[in-house]
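When the chains are written out, they are named A, B, C and D in that same order, and each has its own residue count from 1.
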């Protein structure tokens, strides 16, 4: 066992950190009240720096990185509170394309890697608890293709995606693991409407409504009825990426809180002198270290294909929802009134963590999945 | 609404408290290393003081008290850590007899009230999760009566009971609410064997083994197959009594801890000066007050027959298992090494609470029942 | 001991219920649904206060001579419960709950005659000038100074976390009038007109992007000495009275109960593969955990009121209900976020403005859920942080 | 980064497993099953140590020249894990884990030559004289005084929480040799023979009714100065080394993992109406909560060892694993009690004595469950209370 970064990985970490520091930290982003959905210049830099190529095979024009490289990138982006659709486009969209066969890869990965293709995955449905197998939206087979009807909620990056991957039922009923298929959809198609909106963390998403959307058979991504396996593998990678981002964000929350406690004075002393707060900050530190351990465990197990890899991913997401959330709440509490303001960074990190915890199943769902795995 | 004791109830409280202080407090009991299963003199006093008559109707020779009177008695006994089989004999045994029809009451209540009859309820079974409807032990109908076979675990007071009430299946399978019947059994009957043992809290119990025990039809207590309703009502009363005892015990744990924190010095000051410990003791105080509120809520609702009474009983038992347990653990922790010794009272209160939490279903089971009620 | 509800309280409950059904306009109801803070949108809250005032019910807890209702403790509880159940927006407390009782207790006859009717009618909107950048939990260390100048004070300094200062036309505040001695000893309680020259109000945007709080700057602000409540340097007495009130004056359990009922209704609409989230044992456990705690708190609040009715002083127990109520409020809003999953992330602050006209892109409750969760993070900080309250319990109750 | 296990560690694991299967006698296995503390029954623990010593495996972490194995960090982890999995009783740590390393680090050649072989072989049984009635968490305030008298010290005072003092023939202890200056500065580290005149040992009965701890009284106990380890007044250096070791020297995760597996097996035997407790979603959630925490701790322990292998000092991180490990241990034993319900209340201390001959009135694990739970309450107190450890993290790691 070995927990050191390779020289290349260390260089990646340093370069992301430098880039963040040079004008892309959350503080800068936070003050940009225009809240543009996508910063085109920023995305161009992502492409130029090679980050969009990171997880793709060299044969596909990528850099051949894996979960560890994504971890390195995402943790630094999390630390910088960088708002960018990396997970929707590269991790989710790219992950599904990677698993969809050579034709899909050849057709779309070059554009994605060059920063010319934005993607979104339409997964969540209104009034349905998150779980891919709980999908109800129907894709009815018809002459030469499929007809899609239904709604999807909170399609991350859906407002600016050039194409959407839509999970739909070509068979079975909600709860069935079979009968799930993925479709490639562009927003300009008849019957597609997208209502863009912000999310609590300053990212953007869309409500997707499909009314009699006719798709050719070629719009089917991967095997008909066989979407679940590649989707789950892709979701594992997304959970790792978000986990790394969360650990980066949590480390800032801890640092900021400790720093604040050293300077903020009440009752004549820095509040960091109060033993009750010291113990709580010690708990925050331990929570962060345990989450970092789970992040490493899950990332390395997925990277190396261990049999219990998914179990470790569930553990990571569950504990983020329990201990990561608590850490973030403590960061607000220990900042007092200042923690409640839009002005300090702490609230913005808090909101990003809240969003991450809300995505792709909560703590109890992942604990249950962990127990079943 | 009114939360004051009546004059009579206040007199009862005062008299129990006086009796406990005059030589029956836990400290005295604790030093009595002989750990006699039943102190006959003590039980005689219970009879003389009228406590054994407390919950029975005046027509049955009782004092006509209800759950509130039992609360008053049990809270003080809990505060004194008095070891006596009040719950098995009076609350459980007496409660089932009260509900079994006039013949059973006439035959046995006088002896019970005079202190000449010890009872035990045989409920728990080995390797079966507690729940009356989960009972497996069979009572097979046969010529003129029933044949009982099976084992019961942790029969409280079973080592010294003159008679046992045994819950058995005359029909249905584990999980069914019907088919449960209660039988009156004396330890001298053929095929009955009792292995006495201590319980962790210094009380006693027995393992009961029934091998081809033939009972006459008259041994059936109440309606055949209809034991569940009276049993549940009786268990509610037992949970209230144990809840009151627990609140009494917890109040001592809090008081002792605060007192200890004021006198024990480390790092040059009383440990009660440490803010982290102050906050934890404040939490202990709040937990105790919330448990007291639930005890009052559940007791009054049961006493007045409110529709949501059982729900409140579940709430009480669940929170005792969560917050009461935590309070008791904190009491040990704040006593440091001394809390771990047989010498201080704190450990003995802790063990009694542990036992109460283990009886008749744990916190999760009661939370689930609360949600279903 | 008994839980009996007197007949007259039962019929009173019917009366209140009928009135609320009649009196709450669609606009008031909408404002109630869209309120995600203890502070409702100001316009609708004041409209609602005027409706209640017409009925004579704006300040049930005030003595009858000043416009109160003369209700019993039990009736006041019924009224508060029914307001919560009907989903009415809460009235803004700074005038009715804070300044009013203070004036009744410590004001001069002139002050009472002038201000109390205007508080009741809603003509005046008050804000509370207590905290300062360097004096939050440690309120006694406040520094805003009022220099005596003839029959005026001249105030310099700043106040922070001044809720609705940008909506208020009046402020009650604590200022320092003496620099030596114990920090508590040199504090004076004043009333001022927000239009007085030298006052600058800067709204503070919160996590929920709402400017609910403000910072207020005082630059040689002249306040007549006639606006002093109580004696000079003795404002701490008035302040403490208010703080206790701020903590313990309200019941948390009724509102929490309503929120949990709403949550269960929502969970029944969240489909799983086999039924709904409301059937999920893990979700049910989380709700039962909250409900059992709310039941305990509810009886604690009853016990405290029972003691109040019997003329006893619950004292530091208000610290306990403040801690328990706010931490449960935080937990319930957290569970509400969990119940909606990713749908809670939808962020449309424009759709939360009553009458704002922006249509929500999902169920209305999906919008309020996150805003309530974010806003509720503050309730363990304000009104004396929960850390300070735990310290009070340790000292005042446990004698540590 | 990778999780690769070197081939030689895999084959080493097989070797250890084979050895344990062969070497553990039925008596040793029974003692392992009946151990409800970090301290195993003394006779069987020493028997087991002798068996391991014959194999040369009694002290894998010692340098080879003193009888260690020369194993890598990875091999030592494998060995510790396999001991836990095989259910071996833990060796008594005071000699092998505490005194031995101290002597290796700070002892004279004579001390090493004399004591180390006797520690290894089990000829000597050691106890640790650190805490005093007035010096628990605040160890530096210890008062037991050693007066210089020629080439001897004369000790007066008392030590408490001295595990197994009633079984030990030797003690290492801290005494005060100077009364002025900083409390840490006047402390000296000594070794003594428990047979020295003037020593009285009084066992302390614990919650589990086992006399595991003792109080030891010193009445003019004469100890040769040759028995001093390190310099006079410089014993704190040695003491701190030991404390760090006591906290961080062990891995908690492997044992916790085994306990959780056993718990799942037991839950499968606890019937519910529809199946077993092991199918119950609420029970499964509790286990998953523990298992995810154990997984995190396990990787934390790996990370620390990885740093150790790379020659880095994990420092205050031993405080973290001590807190997390002991609090998880407490939680797992608590869950074990919950899993058995009322059956866990059966109390038969006699049946917990290896070879005692008293038959348990239920499954053997029902007996050990409660005793383990009670005993585990101590683990957040000893070895520097978890409150002290949190303080260390706040100061040493966070700089507060």
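Observations on the model:
Definition applied: a contact is a pair of C-beta atoms (placed from the backbone, for glycine too) under 8 Å apart; a residue touches a chain by one contact, two chains touch by 3 or more.
Computed from a prediction, not measured in an experiment: that's the story for all the values here.
More contacting C-beta pairs link the chains of A-C than the other of the two pairs A-C and C-D. Distance from chain D peaks, on a Cα-centroid basis, for C. Here the spacing of chain C and chain D, counted between their Cα centres, is 53 Å. Chain A and chain C have CA centres that are 38 Å apart. Rounded to whole angstrom, the centroid-to-centroid distance between chain B and chain C, based on C-alpha atoms, equals 43 Å.
Residue positions of chain B with contacts to 2 or more other chains are 274-276, 278-279, 364, 367-368. Counting partners per residue, chain D has 281-282, 285, 387, 390 as the residues that reach two or more other chains.
Those residues of chain D whose C-beta lies close enough to touch chain A in the complex are 1-5, 74, 281, 284-285, 287-289, 291-293, 295-300, 302-303, 306, 310, 317, 320, 323-324, 387, 390-391, 393-395, 397-400.
Considering their complex, residues 124, 126-131, 133-134, 136, 153-154, 174-175, 195, 197-201, 205, 207, 265-268, 274, 276-277, 325, 329, 332-333, 336-337, 339-343, 347, 350-351, 354-355, 358-364, 367-368 of chain A touch chain C. The touching residues of chain A, when paired with chain B in their complex, are 274-276, 278-279. Within the complex formed with chain D, the residues of chain C that make contact are 281-282, 285.
The touching residues of chain C, counted against chain A in their complex, run 131, 134, 136-138, 141, 160-161, 204-207, 209, 213, 269-274, 277, 280, 282-283, 286, 330, 334, 337-338, 340-348, 361-363, 370, 373-374, 377-378, 380-382, 385, 387, 390.
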